[in-house]
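What follows is a set of notes on a single structure, which appears directly below.
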Amino acid sequence: MRSYKSIAVLTSGGDSPGMNPAIRGVVRTALHHGIKVYGVQRGYSGLINGDIHLLSSKGVSNIVQKGGTFLKSARCSEFHQANIRAIAANHLRKLGIEALIVIGGDGSLTGAHLFEEETGLPVIGIPGTIDNDIFGTDDTIGFDTAVNTALGAIDKIRDTADSHERYFLVEVMGRSSGFLAIHVGIAAGAEMIVVPEFAVDIEAISLQLATSKRKGLGSSGIIVVAEGNSPGLTNRLAEQLTHHGHTPYVSILGHIQRGGHPSGHDRVLASCLGAKALEYLLAGYSDMMVGINQGQVVNVPLDNLTRYRKGLDPELLKIALQLHK
Amino acid sequence: MRSYKSIAVLTSGGDSPGMNPAIRGVVRTALHHGIKVYGVQRGYSGLINGDIHLLSSKGVSNIVQKGGTFLKSARCSEFHQANIRAIAANHLRKLGIEALIVIGGDGSLTGAHLFEEETGLPVIGIPGTIDNDIFGTDDTIGFDTAVNTALGAIDKIRDTADSHERYFLVEVMGRSSGFLAIHVGIAAGAEMIVVPEFAVDIEAISLQLATSKRKGLGSSGIIVVAEGNSPGLTNRLAEQLTHHGHTPYVSILGHIQRGGHPSGHDRVLASCLGAKALEYLLAGYSDMMVGINQGQVVNVPLDNLTRYRKGLDPELLKIALQLHK
Amino acid sequence: MRSYKSIAVLTSGGDSPGMNPAIRGVVRTALHHGIKVYGVQRGYSGLINGDIHLLSSKGVSNIVQKGGTFLKSARCSEFHQANIRAIAANHLRKLGIEALIVIGGDGSLTGAHLFEEETGLPVIGIPGTIDNDIFGTDDTIGFDTAVNTALGAIDKIRDTADSHERYFLVEVMGRSSGFLAIHVGIAAGAEMIVVPEFAVDIEAISLQLATSKRKGLGSSGIIVVAEGNSPGLTNRLAEQLTHHGHTPYVSILGHIQRGGHPSGHDRVLASCLGAKALEYLLAGYSDMMVGINQGQVVNVPLDNLTRYRKGLDPELLKIALQLHK
Amino acid sequence: MRSYKSIAVLTSGGDSPGMNPAIRGVVRTALHHGIKVYGVQRGYSGLINGDIHLLSSKGVSNIVQKGGTFLKSARCSEFHQANIRAIAANHLRKLGIEALIVIGGDGSLTGAHLFEEETGLPVIGIPGTIDNDIFGTDDTIGFDTAVNTALGAIDKIRDTADSHERYFLVEVMGRSSGFLAIHVGIAAGAEMIVVPEFAVDIEAISLQLATSKRKGLGSSGIIVVAEGNSPGLTNRLAEQLTHHGHTPYVSILGHIQRGGHPSGHDRVLASCLGAKALEYLLAGYSDMMVGINQGQVVNVPLDNLTRYRKGLDPELLKIALQLHK
């Protein structure tokens, strides 16, 4: 057990829906334990500039349903430098702040680990990213909402696909991982799912489309494509398929996937992880992230995040392959 | 391992969003294994009347996103009689059907258990209900969608609550259990949550509203109420609070909670449970339900459903209490 | 032409989606013309209590998409007294406010007329109500959003209606007028529409349901019912239909119809009416409401509102009758 | 007055939400008058291939809420040839079909005009396009839904814009006209709106962004851009603004704008236009389109569509300019 008088919370990196209820979970749980909570504006930028303000219970009222983050967020390359991190720690110390809660993705949480390692200020991470690509946790805040947003878009696209009897290549986010693509693909009843973890085989895709048509299984459908690392992948796939005699349409979902009211699942997840982050802190833990493993909240050492890489669930892959027509 | 040539699938009881992708999961996985699948219309009614038709892969195309159940559903009191269940079994045998998949809630799955016990026809259950009140599984198909539907309604109601500075009592489904109310309440940032598992204390609610107002924490908000067993609970609560000097508005969400496009979570859950039901059947299991425990698909003996009662998660209760203002 | 230095704006009565963009339209247009704008809190209550604050351009940023009204609203029975209205006028005069824009429904705009008549302070009304029951204008702010909200609910209810092969009586708002019911009914493809303008004929409804079933046109569907003046109408209808051998379900949509993000149509309408209210004021008009007639913004003398009653469009009634199956 | 025994209906060109209720309006009104209705599959392609089937009242049940068109649609370049149009007319005559209702955009209705001119078969057009760019009508089926869909996306994008304090360039459809962009821009509270009708002035946009920032009016917001005639416009604008020291994000909404459940407005509009098309036909009219002018249904000679070009509403342009901060 450890006692704290003042802590701070920030959101960092790409915003994800549910960051607001996570902040609220941290603030209200801390106040419940008699701890003051400061909010840092604009992620690590605000930490460096000392843009740090006291938060109240009422101040986090009526935010649970809002997308984005009311503390603002930013990507901050300066924070990659150790001397800058030292300046940031001083801002916190001057205000009597004894610990920091960081809500963000892989990169932000790695920064948090270095920050504690160098400055000794206890840090707890909360996984907030629509990509769900953080090692050690089955779920991240914003992932469920992003799946639903992508599905809402695909449900609209399907109207045109059916009316015009065309295939659509729908690009979802996911530079190095296909978590979003797999979930969206299964939930959308997609004919195919292209993920960065596997090489794309245009011949195989083309053959499957042709077979589907020949069998009378229809000539319209959805192919979900994770954006991958090289921009323009989906448009290139469309061109290649056109060379093979198909004429798919393309839809790039883009930034709408980051926003919107958080889903019920993400609001409950964020509330729980926010509350649990505080409990771990009070129990004496730090340099860790709260995560979900086998349906339970667990603690994940922050340095695991850089050491290991999360893989796709082979069970889901199998189901995705079995369920298309 | 066991081999099957023909099986049947039905949906029974109150419909829930995700029943369609569950049917699709069963049908496509069965066809993948070379097994014929029949669809029974209107739950056990169709079983009794022999309203049973062969399903194809294409026949379950483009249903993954649709609410309700394309096989129709019904509550069927006749099926409570053993002699009627024997007639139903004969209809299946005449068509060469060797096993039955039942998608539904508590009552429907209990009927499924009796059906196998008496007739020897293997049965696998899939939990489909928005109430999430089935013992042995942490999740049921339709629950996540219902949470999101209720939240969508509350997000609208909050506009009026804020504009008129009033409290709203919002009634969600849940006759004997508060699972939906707890999740909706946490996700909505509700000031209070009333569930059937605990006695309602009007004095305490009234005191809390008064304290909130006195502290300047605002005089508007949401109180989520599970409908409970005696109709009219929420209106009675409103009257009592009015006697205590508050003047809350009331909104009964009602049937909209059962319908709508299934959420991404429910579509993936339904697809997985549909596929897994088949795998368990082929592995030689029966008289069981596929469920979710600690994030994994598990098998739950059907007779457990009547023997045990699922309780609210104490961790969620604690978080709900800590997070209101 | 007349020149003004300071004006005020308020929202009164039941809130409706689009009141926020209407306020924004008033404020930004006034500032564009170099006029200061004050916001009155809680409708006429704030006018009586002097709860009046200066608004800025930035202060109305980012509200265009929000339901409800950020100025708050209230029903205010005190304002029915002439001496109270005189007090309210003094509050405005003390602040140098020379005119008042009132956004609200029938009752609120009638109060506005009396206010100008007695105090000489110029008033312009903007019709804001989900009921669309204001004489002199074909459209009111919030009506289109309410139609869409009701349809969203009915689209969910239809899943259960179809799955269980039942009729649903769906109650929408409308105490004395059936505008919302007619639009929702046509748009929902309802089998029947019950409005306060016509007596309910249970025999006729029952006969039509029976005929529909006999002809094989299905035994499920939606009947839209305007709530009417005597509470409980829809439940009574359901009981009567049950006596006639039908067993419809009931869904009362209630308060969700008032809230939610305003639709595109309502945001554009509100922006235009807000801007036009200012232009009429500057052109020397007052004691009038801006309204929509034949697709154009028109001015409607406020005392017409009490003198005449708006009727249902006979053309829409005819179409509603022809289009059901 | 003229009497018909059999007519046909088709949907052509890009699909738009509300085509289904328009078909339903045509079919049910025709049946009400004792006229048989045939549905032509895939627009003019189905007319050429004789893919024409009888429709029933029940066959158009439960489609009012569905996006796309259940008759399918297609762009058909063959129909530009007069000899092909003659073949199409013969298919209709062989089935005893005496008139044709065409639901579609500018190009499709121009084809309809030629078809009647050459073959003598009476044709009535119904304007169905999300672009609202058809001369002679203030409104087209699908426009209102597309506005709402774009707004739904922008409401999500705004979460990220606010959280990251960035401007977003949001591209909406509109190759040669800015109707969608203007409506979406006003309704979204956009800072700027770029339309094909006016040259883009990057210097002016850049200056306005800088001024806004300098005045403390915020450094985030939405700029709505109509796609225009040369692909890649929005990305080029983003590059140019980046050269001027701004770093906007880009979101291309794309195909989601064509799909989705039609809005209430579009369902009522489609139902009315479908019904009115029949009434005009029975009143002896043809070679015309039913349109909306000053809030009324009017008839527009089809050859006007090619002769005149619809312009942006100057009143809306003025309001758009006045209302940004």
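Each chain gets a letter, A, B, C and D, in the order it is written, and its residues are counted from 1.
Note that a contact is a pair of C-beta atoms (placed from the backbone, for glycine too) under 8 Å apart; a residue touches a chain by one contact, two chains touch by 3 or more.
Chain by chain, the UniProt names read as follows: A, B, C, D = ATP-dependent 6-phosphofructokinase.
Because the structure is predicted, anything quoted here is derived from the model rather than measured.
S.K.: Chains shared as neighbours by chain C and chain D?
M.R.: Both chain C and chain D are touched by no common chain, going by the contact rule given at the top.
S.K.: Could you tell me which chain lies farthest from chain A when each chain's centre is the average position of its Cα atoms?
M.R.: Here the answer is chain C, farthest from chain A.
S.K.: In whole angstrom, how far does the Cα centroid of chain B sit from the Cα centroid of chain C?
M.R.: 36
S.K.: In whole angstrom, what separates the CA-based centres of chain A and chain C?
M.R.: Chain centroid spacing, chain A to chain C, equals 40 Å.
S.K.: How many angstrom between the C-alpha centroids of chain B and chain A?
M.R.: It comes to 28 Å between the two C-alpha centres.
S.K.: Provide the list of chain B residues touching at least two other chains, using ranges where the numbers run on.
M.R.: Expected reply: 155, 158, 162.
S.K.: Chain adjacency by touch: line, ring, star, complete or other shape?
M.R.: Drawn as a graph, the chains make one closed cycle, so a ring.
S.K.: In the complex of these two chains, what residues of chain C are touching chain B?
M.R.: 11, 14-15, 17, 19, 42, 66-69, 72-74, 149, 153, 155-160, 162-165, 168, 249-252, 254-256, 258-260
S.K.: Would you pull the chain B residues touching chain A in the complex into a rising list?
M.R.: Touch residues, chain B against chain A: 21, 24-25, 28-29, 32, 57-58, 61-65, 138, 144, 147-148, 150-151, 155, 158, 162, 183-184, 186-189, 216-218, 261, 263-265, 267-268, 271-272, 275, 292-296, 315-316, 319, 322-325.
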